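Here come two complexes built around chain A, the first alongside chain B, the second alongside chain C.
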Partner chain A sequence: MSPFLRKLGALLGKDAADLAKNPTMVLCVALPVGFALFYRFFLGDMDLGSALRDESATPVVASAVTYVVLSMGLCMSIGMGASMSLVYGIAEEKEKHTLRTLMLANVTANQIVLAKGILALLVTVATEILCFLVSGAPFSLFLPYVGFGILGAIAIILLSLVAGLASRDQMTAGLYSVPILLLALAPIFGSYSSDISNVVRFAPTGGMDALLHMAVNGTLTTAGAMVPLATTVVWIALSALCFSLLYKRLLRDN
Partner chain B sequence: MEALVEREAVQGGRSLHLECSRECGRRARRALQQAQGARRAAYFLEEDGGFDRDTVRSYLRFFARLAQMPPAEGERALDHFGLRDHSRTLVSRLSAEQKALLAFARMSLFSPELCFCERPLADLSPESRSLVLAWIAERFEAGTVFVTVGQPLREALLMPGSAYWEEEGRLLPAQVEEEEPDDGPVPDEVRVCKIAVRAGTATLLLDPREIDFIESANRVNYASVRGELYPTALSMDQLDEQLSRFGFFRCHRSFIVNVQKVLRVERFTRNTFNLVLSDANRSSLPLSKGRAEEMRERFGWK
Partner chain C sequence: MSSTVLSMEAVDLSFGPKRVLDGLTFSVPRGEAFGFLGPSGAGKTTTIKLLTRQLTRDSGRISLLGRPIENATAADYERIGILSDTSALYDRMSIADNLALYARLRGISRGRVPYLLERLGLAKDAKTLIKNCSKGMRQRAALGAALVHQPELLFLDEPTSGLDPAARAEVHKMLAELRQRGTTVFLTTHDMAEAETVCQRVAIINDGAIVACDQPEELKLRYARNRLTVRTRTRGRLELSKSRESAQQLEQLFAENEVLSVHSDEPNLEEVFLELTGREF
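What follows is the complex of A and B.
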């Protein structure tokens, strides 16, 4: 194994162990799963949910409930798992000079950032899968759900890396993480009105949410997927540009 | 300062120990970082922190992986720096001294060619100081170049290499060349002798037997009594002349030690000797190589 990969493996292991030992981070990961479970049974207690248990319930009602639970699971997994854990995690390391110790121990900035990004993606995907398992959604949606979840998480992870590196300490991280969290959760607010929905579909996770909506309704077509996919790709490109312009300067300040 | 670090440490491969301010220390670190190139380097900074959720063992195993060493190296470092009993302790619960030892254990895993330390001996007890000085000497003999920064000059002089001290932004070499000894051994002769020192606005007259050692730093001479330093207007030569009759010995150009207070003599490299005192701080003083021979002869030590 090359030295680069060995160091990357060591950093991944250390970050994963750190995350598992940090109660705040564990809560960030557990919260979306808890919400997915809550929403499933909360809706199940409503008349709408009763209709779901009835075999004669219309497929439209069933898919609407499934969409709400899955959409919320994806948005919260990305918002909490990717953005919160990354921004607070990096800020804590900056505050305690852990990043500097690593960089003075012959570890490159690329290795540190790559390890954090990969772990955030893995944690997000794991949380998304747990949300799916507790949602009661049909397994035919599993692969598209995970695929859309990964697509939607990339831009948020890149933006969270920038916000984490820009944070001087955990107090500043609290401030910087809010807009990213709101961006990640934006599609949830879209269900309140069509006006909000028209705006949030252009959010970083808006494309992902639209694709999920189509997949749940069984209306996913290549032509219909073009705009949501383009929205997601544009956000990924913009986030990557922002990240590549800022991250070296931000690491130098550490 | 930057030029000194680059010329002496990076190009010349000579270890430097700087008695200087924190700002000067930061500049020295940046200069070393910029000039280190592809050399393996290890850094120990005062502000090093974090890794609070790691145990001592998991911390060293992690850095052993980064250094591409087997986990057994982490275990060896645990033993070498006396951390075996704390292997399961969280890093956040270690004392300042244990954290310093852990930092040295971490650096040892990288077998560094260049090593930068901020106040390396500051938080260490005499036993830990011996462990660290032994490691520094071992690495020095193996070719590692050390750059240390901090205070006091006494600590800088304990380590192998050249010591410098800062005055008005300039770094001046702390002279260590030998002077010709004066006359032969001075006969034991009891005379009334008091050393005048300042303590705030008062002048204290110290009995030589109370003094642990005399230290010269930044052009001021100090008498160390029960762990406190008192400035005196007398020159080192005057003090040497007066105190030698009371069992004091000029162990270094900048130090005169009360030999009665010497607990042990430590030797880390062929040219590095330290005297460990039994005073309140268990201080360590440098002993020049030439003066070590003279001391042995004068006091009849084998």
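What follows is the complex of A and C.
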């Protein structure tokens, strides 16, 4: 095994073990699953179709509930799993000097950042899958759901890496993680009004959410997917550009 | 293979208008334990940071493992171990798991971990989480992480700060063994006794410049005050120089049964430093 892969593997193992023992991070992962479970039964039990005295509305309402639960699961998984774990994780390592100690042991910044990015993606996908499993959504949606989730997570992970490297300590991490968390959760706020919805569909996770909406409603077509896909790709490109521009500078400052 | 493992030649470094290193020049041959002594803010840690590429010099030449530091490769850095003043391990992992992590990062079998734990006096605390360790235990564990791959060149920045005398003696014994096996040690310390115990040569740095560099014994002889302190029955405490006249005076005192005690006033490194710089540690 090459030294690069050996070190990457060691860092991934360390980060995973550390995350599993960190109560804050465990809560970040558990919260989206808990919310998905809560919303499934809370909204499902209201039986809105019957309440409207229109039995034919029930499948439509069920579909809407499925979308709300899945959308919230995706956005929260990305917001909590990817952004919080990354920003706080890197900031904690900087604050406690473990990052510097690693680098003095001939571990490069690239290896550290890559390991943290990969783990954040894995944690996000695992949380998304757990949210899906408790949502009660039809299994036919599983693959598109996970695929859209991965697409939506990439931009947030790149932005979170920048915010983590920019944070001096966990206090500043708290400040820097808020806008990223809001960006990740933006589609949830879209349900409040159509005006907000028109704005948040251009958020980093907005494209992902629109694709999910179409998949749940059975209206996912190549033509319809173009705009949300383009939105997601543009955000990934912008985040990658931001990361590449700031990465070396942040390393030098650190 | 070059016998000089580490060298600096006319190295300058400034932080803004403040010059922190001024024409630093020294070299360390393979297998030597070299002490870098000085008061806080003298430039000790800055020098280690330059040697470990955490900082870049303004001018001068630095050579590491026989090649200019700018040409040093990742493979060269695999031959180096560093315990910095801020070295820290993972709070939520045990001492043994932390050492196993560093063993894996260095491509070393984790079979070496129990040996290190034993040598550092941490065997019975192997499963203790770092967050529950005392400062001394943390320091020993961090030293273990720096030693896990048996480096050829070891940078130690205040390695025994926070350790009790027994643990300090154990670390000194370990360093002596490492040196016997050919490991080159670059050590910064405030502890003059430690420098005398561990190092074959020491450099004293003050205000970013080396003011003396030699074997501890040589430095002590060079800056010895050559005085005898004599306690007498009726004349109090007398300070005599080590001269023929003083010998006669001492003989006279003995003849008069005046002498209570005679002490040779041997200098230590701290006094050498005071002599050279006029500063307290």
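Rule of thumb we're sticking to: the second predicted complex is superposed on the first by the 243 of 254 C-alpha atoms of A that agree within 3 Å, B and C clash if a C-alpha of one lies under 4 Å from a C-alpha of the other, contacts with A are read in each partner's own complex, and residues count from 1 in each chain.
The definition used in the following text is that a residue touches a chain if its C-beta (ideal position, glycine included) is under 8 Å from a C-beta of that chain, and two chains touch if they have at least 3 such contacts.
Here the structure is a predicted model, which is why all the values come from computation and not from measurement.
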If chain A is used to align the two complexes, do chain B and chain C fit next to each other or clash? clash
Scan A:223 for contacts with chain B and chain C and give back first, second, both or neither. neither
Tell me the contact category for A:17 with respect to chain B and chain C: first, second, both or neither. both
Check whether A:107 is in contact with chain B, with chain C, with both or with neither, and answer first, second, both or neither. both
Does any part of chain A touch chain B in one structure and chain C in the other, and if so which residues? 3, 6-7, 9-11, 13-14, 17-18, 21-22, 96-98, 100-102, 104-107
Any idea which chain B residues touch chain A in the complex? 33, 40-43, 45, 47-54, 58, 62-63, 65-68, 106, 110
Applying the document's contact rule, which stretches of chain A touch chain C when the two form their complex? 3, 6-7, 9-11, 13-14, 17-18, 21-22, 96-98, 100-102, 104-108
Interface with chain B, chain A side, in the complex: residues 3, 6-7, 9-11, 13-14, 17-18, 21-22, 92-93, 96-98, 100-102, 104-107
Seen from chain C, its contact residues with chain A in the complex are 52, 54, 74, 77-78, 80, 82, 84, 86-93, 97, 101-102, 104-107, 142, 145-146
